[in-house]
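Please read through the structure below; I'll follow up with questions.
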Amino acid sequence: MVRLETWLGTHNVSRASLHSPIPARLRQQLWPQERKLERNRLLMKLKNYRGLMALLVVLALVAAACGSSDSDGDSDGSTNGGPPAVCASDAFGCVEVASGDPIKIGSLLVTTGPNSSLGLDSQYGIEMALDYADGTFDDTNITIQGHDVVLVPEDDGCSAEGGTAGANKLAADTQIVAVIGTSCSSAALGTADKILGDKGVTLISPSNTSPALTAEATRNPFYFRTAHNDTLQGAAVAEFAYNFEGVKTAATIHDGSPYAEGLANAFAASFEALGGTITSQDAIQVGDTDFSGVLASIQAESPELLYFPIFVGEGSLLVQQAKTTLGDSVVLTGSDGLWSDDFYAAAGDGVFLSGPDVSAFAGDAALYKDIFLPRYAEKYGSEPLSAFHAHAWDAANIVLGAIEKVAVDSGGTLYIPRSGLRDAIAATSGYTGITGTLSCNGNGDCQPSATIAVFEIVGGKQAADPVFSVVKSLE
Amino acid sequence: MTPELRRSVRQGLIGGAVVLYLASVGMLVAFDARAIITNVVNFATVLIVITFAAFGYLAGRPGKGGEPAQPFLLAGAVTGAVAGATVGVVAVLVDFLITGLEWDVRSMWTSVSPTLMELLSFGQSPIVGALLMTLLGFTAGLAAGSLHLATTITRKVILLGLMAFVFGALGAPLFKVMLDGMHIPNRWLFDRDGLTITGAIVLFAAFGLARLGSFRVGGPRQALLKVPGTSEKNLRWVISVLALLGIAVLPWIVNDFVSDVLGFVGLYILLGLGLNIVVGFAGLLDLGYVAFYAVGAYSVAILTARSSYLVGGSVTAPAVAGYTNFWVAVPITILIAVVIGVAIGAPVLRLRGDYLAIVTLGFGEIIRTLVLSDWLKAKFGGPQGLTEVAAVPFFGLNTRDPQILYYLIYAFAGLALFISYRLKTSRVGRAWAAMREDEDIAEGMGVSVIKYKLLAFATGAAVGSLGGAFFAAKLSVANPGSFTLLVSINVLAVVVLGGIGSIPGVVVGSLVLVGLPELLREFGEFRLHIYGAILIAIMILKPEGLIPDKRRALELHQPDHQPEKSVLSAEATEGIQ
Amino acid sequence: MTTQSAAGSRYRLFLERFPVRRFVLVLLALVIAYGGAAGSIATLRAGRFSGEVWANLFISGVARGSVYAIIALGYTLVYGILFIINFAHGEVFMAGAFTAYFVAVGLASKGMLESNPIISIGILFVVSSLVSMGVAILLERIAYRPLRGAPRLVPLITAIGASLFLQYTFRGFYGANARAYPTIPAIQGTWEIGSFPVQKVHLISILGAVALWLVLFWIVERTRVGREMRAVGEDREIAALMGVDVDRTIVFTFGIGGALAGAAGILYVFLFNQVIFTMGFFPGLKAFTAAVLGGIGSITGAALGGLILGILETVGPNLFLDGAGVPSPNQLIPIVAFGILVLVLIFLPGGFLGAPDDKSRA
Amino acid sequence: MSHLLDVKGLSIRFGGVQAVNKVDFHADPGEIVGVIGPNGAGKTTLFNIITGFYSPDEGTMIFDGHNISGLKPNALTRLGMARTFQSVRLFNAMTVLENAMVGQHTRTKAGVWGALTRSSKTKSEEDRIRERAREVLAFFGDRLSGREDALASDLAYADRRRLEIARAMATDAKLLLLDEPAAGMNPAEKDGLISQIGRLRSELGYSIILIEHDMPVIKSVSDRVVALDHGEKITEGTYDEVSTNKQVIEAYLGKAAEESHL
């Protein structure tokens, strides 16, 4: 039970273990909050002078080159009107979009390397959302109060360093209103979420599933996500296994990615909590092709179900080999990392995949199936590359809605208060997107109760209707 | 067909093929999204023009060995037109396949999208598009060919102006953000993510004129000498002081992001210098250098992490030695790295160069597998890695701020530079050089090959682990995803591009290979692609690198004796005859 | 009569004569060997795995090893005559199999894979081999030929560059996602050997590899061009003087290596049914390891190295580590593979069948 | 005991070939010993064994009172043995002076720490070896002295040979092993070499073993000549004794006959 608590209520346990070893007095010495704040204030002041210093350096060039055209650049800023009161009261101020300038939304998704299909899929979802927000797909983005909305795509590299670099780049652009990302939890936790949050830039992820990102102890106030927490999916799959399939023993495999390991562990914890037995928890390497060794090892304990929340490359191979090695009696279950035609084709019938309940994309199932998917295929030349395009679409729409809500026009310049935007997103409630009806909870989970389903692959395709579906809520 | 004409046609075909290649790997479409001059011309078109022009120029170049000068105008025009026509014809054919035969080309060639076809036909019907493409090629080739008419100075001025204009435009989003951050009006220069027409003309003119001006006074060096108070004697000092000053104020001129990138460049300078000792000084090809980077990062993470949150959400007990001060952890880390370096080096040092490469690569993979493994998860956090690594404590400053961390990283990079220089010019460096050039003779002259190889490995490991230490402290996390084989290859590429064995080369290599791609991140998809091309091109065209090390350059141009035929074994066969 | 200077102190000379390094290494090797043996005994004693499981693992290891072996031949051939490691060979292997995928899809849509499996497989082999051969020859022409005679570091770095370049070129061509190869019904299922069921694909891969190896052996040992290859490998200048067209021979070598890699690609998709642009890298690396294990430059060595590596990778983790109580032993395959490589090179610096280095290189 | 180098029963096999077979051989302090033999007689292999590049299958080697079998070349250099190579092998990418400085490696101590701090001790050591390197270069007159900063690869052939000897001298050896120092030299250069070898012993006190095909050179400089054939020592003695030895003549003539036959 302790283990389950660790998973479901991270903060209680974590705070204790974080703080207990250091006496309060010592902690004061280590991190004197006041002094730190004072220092930061000083630094901010210094940074204000930076413009002046730099100005001196480039003055010659500017003076020589521009003389005449100087004036029109300057006059656009704030002729009449001036910033509204919300900007002064907002702790992080406003994004000021001068007339004729676009509203910039950043994305921080993995678009290179082996995981690029995950990020590109989300990026496509965002691009389509920006296009469709005015009700038609016409390859022209929506405008908000006369300003174009443009996407500034960045790569999170699916790694901490990639997330840091990308977040720094986006944070440096004071025109960026909000950022949709990251793709991978490791790119966000303690890196991108902190860098952007420190500047008052909201980060909303379509595919981060790590519980730590929205755990009270580690969550950044400017962090949100439309993807469901691993905890939900792990618990849902465990229920599917224990209650629906009625198996009492299960084995897990992860591929060394944080996503897979997190899910495998979440599943194992929930399954044991339900009363099941985990016979073995194994791992493979990304890039492996021959899994006879690991399958032999799993087979030795003869589990009734094998859960492998890994990705397509290894997943397709693993499932084929598992069928021959383990036989038909073992239930094979994967997760949304495997949602892809290539996997369905390779896996064949009788394999189960968990994930968001697409069939319960209730309100907008029509939108998804009849408008979104055909357009996706037309525009990008393939079936969806991964499972999170819809979450990205929803994230983009939530951001757009929040911008519309808080943006104030004053003399042609659009003012978007940063904290105000964050609060507007946090207040999202009952928004009907593709992935379901979204309401953000206090910790930034916009799917605090998600309908997680398990689909069977039938006839080389994922069946439209799930064999098992359950609404799981956090807390 | 005259030989000149044949040569032009061949160049044209190759040029056309290059453009088709760029199209078929998706670069053109991706670059189409980037404006050079907003609403006028985008990067894809510029790239096509550059390719046509480059081949047009090459075709008109006089051949080697004083061949009579080509009719370069004609050569340029023919080459350009052939290239354009090649592209056009293929585009028409593909269009026919798609629309006429209804063959689903895109199911195989994913990059052949409607956008691409539209791009290649300039939004016209395919035939008209092909004609336009041919015309574009003809014009570009003719213009490039006519460059041969110009004097060297004019040519260089034009080229620099054009380069300034293209790079200025590519960097536009970044520069714009920087200028905005400094509240410098820039609307006349940049428009969204490209240049304005004024901006393009100004950039072209400014750089062209600057270059022309520096020609007039006899180069930048002479120009600097004109400044009162400088003389030939103290010029070095002046330059060093200026450079140091530049480095010192740089983060305050640029923004946080560029500072962060520069910090990353600094890390690669550290790593590059470390690997340079192993590869450049001692001549040992190490493809597993990432091992030491990982050792550094993980040691510091384990020693200094306040607690070890796993990304998965569970919280392990505070890390083994939690709360160790970074400055205490660093020497321990270096010690660990040296021990591991020697342990890795010892079994393999006697192996032939190629074997050494594969074995070190293996060691890199072994280290990565170990930190990733479930087996040692309790120590290293498995796939989730270690988080909450403490920032570098430094007089109470916030060292997570890229602008502050910059100084720390560069201070250590400077230290590594100093160590490299001192070692290189010492008895130790001489022994390495001797060993690298001829191991047998070096041993015959009294150099203990084993000792000096181990020394190189240990020194390289120490410097590399320092890079890792800063990496972990910078990011606040250490996880296995950061320590893949690709890092080893990146660092090697930095060393190679700058010039193997060359210390300033490492700095330049890092700036070019780490800095530039970070600044052009939106092309990230093609980063490794272009990287591969650079590695090949450098090795073929300039194996000694951008800033060659004198001695190393000489070695790289000496023909290699076939390995199985080293003189010693040739002598050994004497006894067998 | 001699002064016992520091330079000649008996103690120092003893230390220098005493092979400390070797001693330590042997000790290390013994420890590892002991660990492996202890682990194996513990595993076998625990009896988690039946004999049948071991046999299955062994056969699948041999099948995996056969693919390594055929790729390794390409490394060994090129190394044998140019003394460069063609690091991009794994990508040559990928190019063929990936391109043939589209042919396979076409054949599948026409029902050819079911109705005419043998002809279809033949077509796949030909397409894959031709594409790989073309890529290998282009690679030689563009990336390696300008570097003849350069120090060895230079072509090695070029090869790393070429490897990246080819990977991403094919990613640009054919896309980033993994593609499932259409299945060929005729080679699914098992054959009974005695009463023991063996998967058809395993057997076909093994037999295919043997056939390819024999063909190569015949070319190198029995044909004129094979003799020329050996001559160029022995001494390029003398071969040229004897009238061998060195360039043509080198191109031919790359061509054969490429064609073999292409064929290995088809064997690979028989086994694993999947292509992706990164698929060449690790098999390439493993094949190179196999070539070194067997003794680079030796055709028989490449085959031997491939088989040993394949078997150890499949059987090793369960055998050595499972009993020792290491969790997820199969995650540690790289450690087993490269660990074996290091151990072998310590004792046999030239690999199993390679020419041992001269006597000073003990 | 009084021999500087004393070799007994030295044998080595390469595959199926007995390259050196039970060779006994010695050199005394201040002596110049010539080693002759037809191509493939095992002369260079003998050198390679003595200087530690190969380890012999059998035999004992005593140098300057130390048992040297099993020692690596660098240890032997420290004990006072230095050699040149049949085909000149210099550090081509280094200057002439640096080549000679490398020779001083075993006579200096500065390590990493010294390199980093550049203490006065390290500096004076560097100065000392630079001086010493200039000294050995000066032995060959302005052929080398004047070209200290030239790259070794830019030297003329004969100068490269000289530099190789200078580099060996710079190790402060007691015994120099020269492998065909006169190969490729013209008669005038050979005369110079003969006198220089003589001076090496008379002025600088080196003992020398040299392999040479050029009989006039052997005749002019050697105190004693050892003749090898097929890896075995045929005879040994003064030049006159050896040159009239029947076996030696046969070995050479036989070879010559074979060559003419080809």
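When the chains are written out, they are named A, B, C and D in that same order, and each has its own residue count from 1.
Note that a contact is a pair of C-beta atoms (placed from the backbone, for glycine too) under 8 Å apart; a residue touches a chain by one contact, two chains touch by 3 or more.
Every value quoted in this text rests on a predicted model; they were computed, and no experiment measured them.
With centres computed as the average of Cα coordinates, no chain lies farther from chain B than D. Chain pairs A-C and A-B differ in how many C-beta pairs are in contact, and the one with more is A-B. Chain closest to the overall centre, judged by the mean of its C-alpha atoms against the mean of all protein C-alpha atoms: B. With centres defined as mean CA coordinates, chain C is found 40 Å away from chain A. As a whole-number value, the distance joining the C-alpha centres of chain A and chain B reads 31 Å.
Chain C and chain D have Cα centroids separated by 45 Å. The distance from the centre of chain A to the centre of chain D, with each centre set as the mean of the Cα atoms, comes to 72 Å. Taken residue by residue, chain D touches two or more other chains at 12, 14, 48, 53-54, 72, 78, 106, whereas all remaining positions touch fewer.
Contacts with at least two other chains are made by residues 110, 369, 372-374, 528, 555, 558, 568, 572 of chain B. Under the contact definition stated at the top, the residues of chain A that touch 2 or more other chains are 116, 256, 281, 283, 285, 382. Remark: the chains found to touch one another pair up as A-B, A-C, B-C, B-D, C-D. On the side of chain B, the complex with chain A involves touching residues 106, 110, 113, 173, 177-178, 180-189, 192, 198, 202, 206, 249, 252-253, 255-258, 260-261, 264, 306-307, 309-315, 317-318, 322-323, 369, 372-374, 382-385, 387-388, 396-398, 401-403, 471, 474-477, 479-482, 518, 521-522, 524-525, 527-528.
Against chain B, in their complex, chain A makes its touches with residues 6-7, 10, 13-14, 17-18, 21-22, 35-36, 39-40, 43, 47, 50-51, 53-55, 57-58, 61-62, 64-66, 69-70, 72-74, 76, 102, 111-112, 116, 150, 152-155, 157-161, 164-166, 168-169, 171-175, 185-186, 189-191, 194, 210-212, 215, 217-218, 230-231, 254, 256-258, 260-262, 265-266, 281, 283, 285, 381-382. By the touch criterion given at the top, residues 21, 24-25, 28, 79, 83, 85, 102, 105, 142-143, 146-147, 149-158, 160-169, 171-175, 235-236, 285, 288-289, 292, 296, 326-328, 331-332, 334-335, 337-339, 341-342, 345-346, 349, 355, 357-358, 360-361 of chain C touch chain B in their complex.
The touching residues of chain C, when paired with chain D in their complex, are 1-2, 7-8, 13, 16-17, 358-360, 362.
Chain contact summary for the complex, chain D toward chain C: residues 1-2, 12, 14, 48, 52-55, 64-67, 69-72, 75, 78-80, 106.
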